[in-house]
Every structure is written in C-alpha cells, then in structure tokens.
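Okay, so chain A shows up in both of these, paired with chain B first and chain C after.
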Partner chain A sequence: MNTIDPNQHYRVDPHARFRVLDGEGIFVLQKAGEVLVVNPVGAFIVEQLGARLTIDEVVTAITERYAIDRARARADADSLIEALLEAGAIEAS
Partner chain B sequence: MSVLLELTYACNLDCSFCYNDLALEGQPLSLTQYRALLEDLASLSALNLTLSGGEPLAHPQFYEIAGYARQLGFVVRLKSNGHALKENVARRIRDEVDPFIIEVSLHGAKPTTHDRQTRVPGSFERLVANIRTMKMLGLRVKANSVLTTWNENEVEAMFALCDSLEIPLQIDPEVKPRDDGDTSPLGITASAAGLASYERAVARPHGSAETYTDPGDSRIASARRETMNGTDKHCGAGSNNLTVDPYGNVLPCVQWRIPVGNLHERRVTEIWAESIALREVRETTKAAQRMLEGFGDAGLLANFCPGAAHTYSGDPLAIYPAAQQRIESGRARVRLPVL
Partner chain C sequence: MSTLTLEFAQCRYRLTGLLPEQEELVRARFGALERAEACGHDVEVEVLHSADPHRFMPKLVGPVEYRISVAYEPSTVLVEGIGFSATIDRASLRTHMHTCESDEWFVDAFENLFRVLVSYRLFAEGALVMHSAAFSDGERGFLFCGRSGAGKSTLCGLADQLQLQILSDELNAVMATAEGFGLQAMPFAGDFGQMPMPTPPLPLTGLLGLRQGARPGLLACSQTEAVSRIVASCPYVNADPMLVEPLTDRAVQLTGRVPLRVLSFTKDTTFWKVLDREYNRPQPALSR
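What follows is the complex of A and B.
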C-alpha cells in the first residue's frame, strides 16, 4: 500500500543542504550535524523533487529513465521519501 | 570541492601574527561578481563554503553574499574572530545565513593572554560572552587557536574553558609565516616544552571536544581521500580546495598563495577547467606525494604543506623547518621499536 500522497510536493528541508557528487546525492543535515548519502537513483529522485514535480510525476520520470515498472518505482520512491522525511532531509511543501 | 572566500582583509581586531597580506592591492569583487562566483561554484558541485577574512563580517555586503550562498545550498562555515558576534548579529546570522558552524579565534585562557594577541583590551571577555550567546541561540560554535610562546602554558586551561562553554577547541601547533612571506610571526613559535605540553593535552579526552564530530566534513573528507589516493596527490590543493581572496585572485588553497587566475578576467569555471597554473599545482601535489614517500613512514608524520613550503621559500616542494623537525622526530619514533 502506498503511504505517500501522489500529488504532494516535497523540497529539501531549509536546514539541510543537498549536492550531487559523482552521481551520489549528499545531504548535510545541519541541525543534527550528520551526512546522509543517497545512491544515484535516490539523487535523481531528490533532483526531481527540487524541480517541483509531484510524487506521481517523479514516478513517471523514474520509469522513463530506468525502464522499470511503475509499481516498483512508486514503492521505492515512497520508501526513500519516508526515510528522508524521518531524517529531516526533506519536507512537504 | 570546498571553497574558502576571503571576503575582506578589514578587521576589527589587530592580531600581532595576522597572516593576511595587508599590503596586497586590487579591485575588490562586486556583489554581482560574488553572485556569479557562487552560481559557478554550485554548478561545479562545491558543497562546503567557508567565509573568512580578515573579519568576514566587516564586508559591507556580508549578509547578501552569505544569504545567497545559503539560497544556493552551500554548507556555509563562518570563520570570525567573534568580536562582532553580539546577540543581534548572531541572531541575524542564524536567521539569514543558517551556517553549519561558526569558528572563532581563541588565543588564550586568560584575558591578558588573549588581548595581548588581539591588541584590543576587553576582547577576551567579549568573545566568551558572544560564544555563550551564540550557544544560547542554538548556533554550532568551534574555537580555533594557534600554539605560541604566549599561550603554551594555558593549553589545559583553554580546553577547560571550551569544555565549560561546550564547544570544541582545535589548536594548530605551528605558527606560519604571513602570506607575504614575512617570517616575523615565527618569533612566537611555541617552545619544545610547550609543544610537548600541547601533545599531552590533546591526547587527553576533553568534554565536547572529545565527542564532537563534524560529519559535514568527515564524510566528504573521506570521499576526497579516496579520490586522492587514486590520483597519487598529497593534498587537495587545487583539486578539492580553492580559495578566493578579496581581489578575485583564485588560489589552490588558503595556504598556497599562488594565483591560478583572477575573477576579474575569467570565471571560476574557466579557471577550474583551463588554468595552466592550476594544472601545475595539481601536478605538484603529486610530486609532493612522491617526495614524501621517499622519507618512508616518517614522511607520513611530516604534515607537509606545499603551500607553507611555497610561502617559506617559493618552492612548494622544499622541506621547511617545521616539517623537517617532524620528519626527524618521526624517524626517531620509527626507529624506536628496533632499538
């Protein structure tokens, strides 16, 4: 079951910083003083969120780029977004 | 890539061993140029951005530059003497810049020692008060110091002071020449006894200094080290680090004061990709690595800095006195087990 609203927008938390380095995405969580590294697919997802795409649109972008089925893309995107929300790396906008 | 911007050499203190080349002349970068620079650095995936000086808060457009850096997603570090960081200023920095950390300069554990260095009476008490205020506002603060003959008997007390303020303290045991090559600051280099005292002090656990971690740096540093290992570079000067002085001179790092381009003439993206001088710096860091390997294990203990070598002699591969001393000391330690 999907737990993330497909029409929701997310953005990098104002206290976090994000850069893509050598394909990987790096969050610096300034309040916690921690670094979070996401793999290239995760970095792609965060970049799409930064481009103001909804979750539904991000899932479409994933399927187009990585040639995987929509259900798997949606489940993986939801999972990543939940983890990033819990870590304080992104927030709903 | 980590970038350090020296916004201005103006300062509200008068430190006796200030390393800045205060006689350096040039056209300061405009706000428009700083904006373009930050945009270019973001496009180069630079993440860590340190704002330094002089005293960076003395730059008339500090908040515009620092705020734009925040907007572009840089992890901003502020290196300040701490003198101006009263509550209203600290609050504004927190709200408009949201820095990862503010690093302040501590020169002793007593007002007489600290103020002797800053040559501004009352600067110690004001710094301590400002640190307390910054902590109260939720800002992350760290103290930096340089070991000298003036403070070498206060190292333990400095750690105790920082523990009581709940901030980490980092002490550089080596006084270096000024950026113009003037070696007069070396006159207050710590004594052998002071250095030994310092080594004992840093080996002991210290409250917040012991538990403090800086993941924003360490993970990146780790990645950088892996990259450098792959390219046989001794350090990241010109490869992972750049420094920009107030007049637009682009330098390989804060210590290596050899311009590899100027932002009044070229954008940093062009300098990064095309500068012949920068390529030479990168090659020199490889040569430094090979040179130090020649010293065996002792070379690893040299803490050799090509930038410091360049400042001492103009030759980034020449062993300078402090590095030589560490190599000799390292050789003695390496020999010890077979005696």
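What follows is the complex of A and C.
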C-alpha cells in the first residue's frame, strides 16, 4: 500500500546538505552531526525532488531511466522517501 | 586574576581571568602545553565568573557521560556544558567563558570548551579534527575514524600490546603538509594516548575505518562511503551549517589523495600484520 501522496513535492531539509559523488548521494544531517549515503537510484530520486518534480513525476522518471515497471518504481520511491523523512533529510514542500 | 598561555599546533591560546585555583587545575592538566606569556597569543579565552549555578547546565550524579550543547549562530558559536557557557567569535575565535566552577568541574568544563575551540582553529588552518584512534610505529601514522562503539579503544589496547605509539583513542587531527597529509596528536586522550609534544605531524600513511569481523583484513570502500565516514567523524564542524560544505569538500580532497579502507579486525594483534604488509615502508630508490 502506498503511503506517500503522489502529488506531493519534497525538498532537502534546511538542516541537511546533499551532494552527489561518483553517482552516490551523501546527506549531512547537521542537527545530529550524522551522514546518510544513498545508492545511485536514491541519488537520482533526490535529484528529481530537487528539480521540483512530484512523486508521480519522479516515478515516471525512474521508469524511464532504469527500465523497471511503475509499481516497483513507486515502491522504491516511497520506501526511500519514508526513510529520508524519518531521518530528517527531506521535508514536504 | 591569573593568565595562562597554552600552545598547541602552532597556535597560542591565552586564558585570562583565571582564579589561582583554576590556573593550577589547568596547569595540572595542560601544563605540557604552557608557554611564556611574553610569546604573545593568537586566541584569547576570557574566563568570567558567575555566582549563580542555576544559569548553567546542572551537575549530574554518578559516572555518566554527557554531551555539551553547541549552537551555531552566524557570527558566533555558543557552547554550554555543566557549570559553564561560552561564546566563541567565529572570526577571531575570541572566547568568553562564563562559569561558576573553580574545582575539578572547572577543568573539565575548560577541556570541553577547548576541544571545540581547537577544532575550529584547526579547521580554519585547513585541518580536520576527527573522532578517531591513531597510532604510529615511529615512521608511519595510521588513523582509524569512527564514532563511539566503533572499536577505537579496543584497537588502541591491542596496539598498546604491540608497543606502538598511541596518539589518542579519541580525537586526532589530519593536516595538510608539504609532503601530503600529516597526523597530529591532540591534547585530549581517552583511555589511551598522552599529551602531545610540540613535534611536527607524523606522515599519514593509512586512513581507515573500523569493523570488527571474523578475521583481519582490509576492505575497499567507495569514495562516497569514505567521505561519509570522514564527515561523520568530525565533531562540531559537521553540525555547523556554515562549515558543512567546506568540510565535505575537504573530505573529498583527503579521500581523493589518501584512499580510506576499512580494517576488519578481531580482538587480537593479528591486525598489525595486515597493516604492516599493506602499508609497506617506502624502499629507497637506490641502495648499495
């Protein structure tokens, strides 16, 4: 079951910094002084969020780039976004 | 009121406003760093006394660890801990320390503040202060970054059995040198290490993360993981919104030149054979 609103926008939390290095992504969470690493698919998703795409649009972008079906792409995106929200790395915007 | 000047990593810190008992306590802990006042100073720490203990973080009962609180403002860094609060000016690092303590609690408070201050000073000089263990065999320096529970003290205990020179099992600094990167001991040791002498940094031969495993070995890791390990290990500055970006840049530079590998180790001294073999001493180009 999908728990993330497909029309929602997200952005990097103001207390976090994100950058891509060798295809992978790094979040520095300033409040906690902690770091999260996301794999290349995760980095791609975060970059799409930064381009102001909705979740629905991000899912489309994933299917186009990685040639996977929409249900799988949606599940991957939801899972990552839930984890990043819980960590304080991104916020709804 | 008394004044005391401490020198560490080519920076002189002048403490003013000390009560005589505070001066003695600081001297007892950091006396190896004391310098004649006539030498001048780079950073001033003014100690201001407050009779009201309620304005500070209260003392804890029992052998518990606590974390100081650090807040980041555009022009200052605010530090609070048991029995003290302090304001550090970002530009000059001039510090005002308010305290109600003049016994052992004072020197603990000062040490906590000094860690922050030294971290900022060294960062401004291009260095990275890292939660890490570090030791040397006299020629090669090895640094193992990792936060609490990573195995730093365990590894230092094992290195101690091998009679390796332990810099610290808590905080060490990596600084750029003419030859590459150097390893600087810090005056803040945990269970191992000692007050650093004013010697040049050791060459940084090995930059490693730690993982306790079934057998000793070295594991490669991506530069992304390496950078994340470095950034996560740098206290204070990695939570400072004004320094996170340059910190990450610096970690990218460091790991681009000194690849970080992960040492898998067991609770015995066999890890040293792996390190000694992998990081061979440089051989002379020509020998007769």
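We take it that the second predicted complex is superposed on the first by the 93 of 93 C-alpha atoms of A that agree within 3 Å, B and C clash if a C-alpha of one lies under 4 Å from a C-alpha of the other, contacts with A are read in each partner's own complex, and residues count from 1 in each chain.
In this section, a contact is a pair of C-beta atoms (placed from the backbone, for glycine too) under 8 Å apart; a residue touches a chain by one contact, two chains touch by 3 or more.
What you see is a predicted model; the values in this text were computed from it and never measured.
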After lining up the shared chain so the two structures overlap, which partner does A:R72 touch, if you call chain B first and chain C second: first, second, both or neither?
neither
Does chain B (first) or chain C (second) touch A:V12, or do both, or does neither?
first
Which of the two partners, first being chain B and second being chain C, lies in contact with A:R52: first, second, both, or neither?
neither
In the overlay, answer first, second, both or neither for which of chain B and chain C A:G33 touches.
both
On chain A, the footprints of chain B and chain C overlap at residues 15, 17, 19, 21-22, 26, 28, 30, 33-35, 37
Using the touch definition from the top, list the residues of chain B that touch chain A in their complex.
45-47, 73-75, 98, 100, 140, 213-216, 218-220, 223
Complex interface listing, chain A residues touching chain C:
15, 17, 19, 21-22, 24-26, 28, 30-37
Flag every residue of chain C that touches chain A in the complex, lowest number first.
222-225, 227-229, 231-232, 235-236, 238-241, 244-245, 247-248, 252
Chain B partner contacts - residues on chain A that touch it in the complex:
12, 14-15, 17-22, 26, 28, 30, 33-35, 37
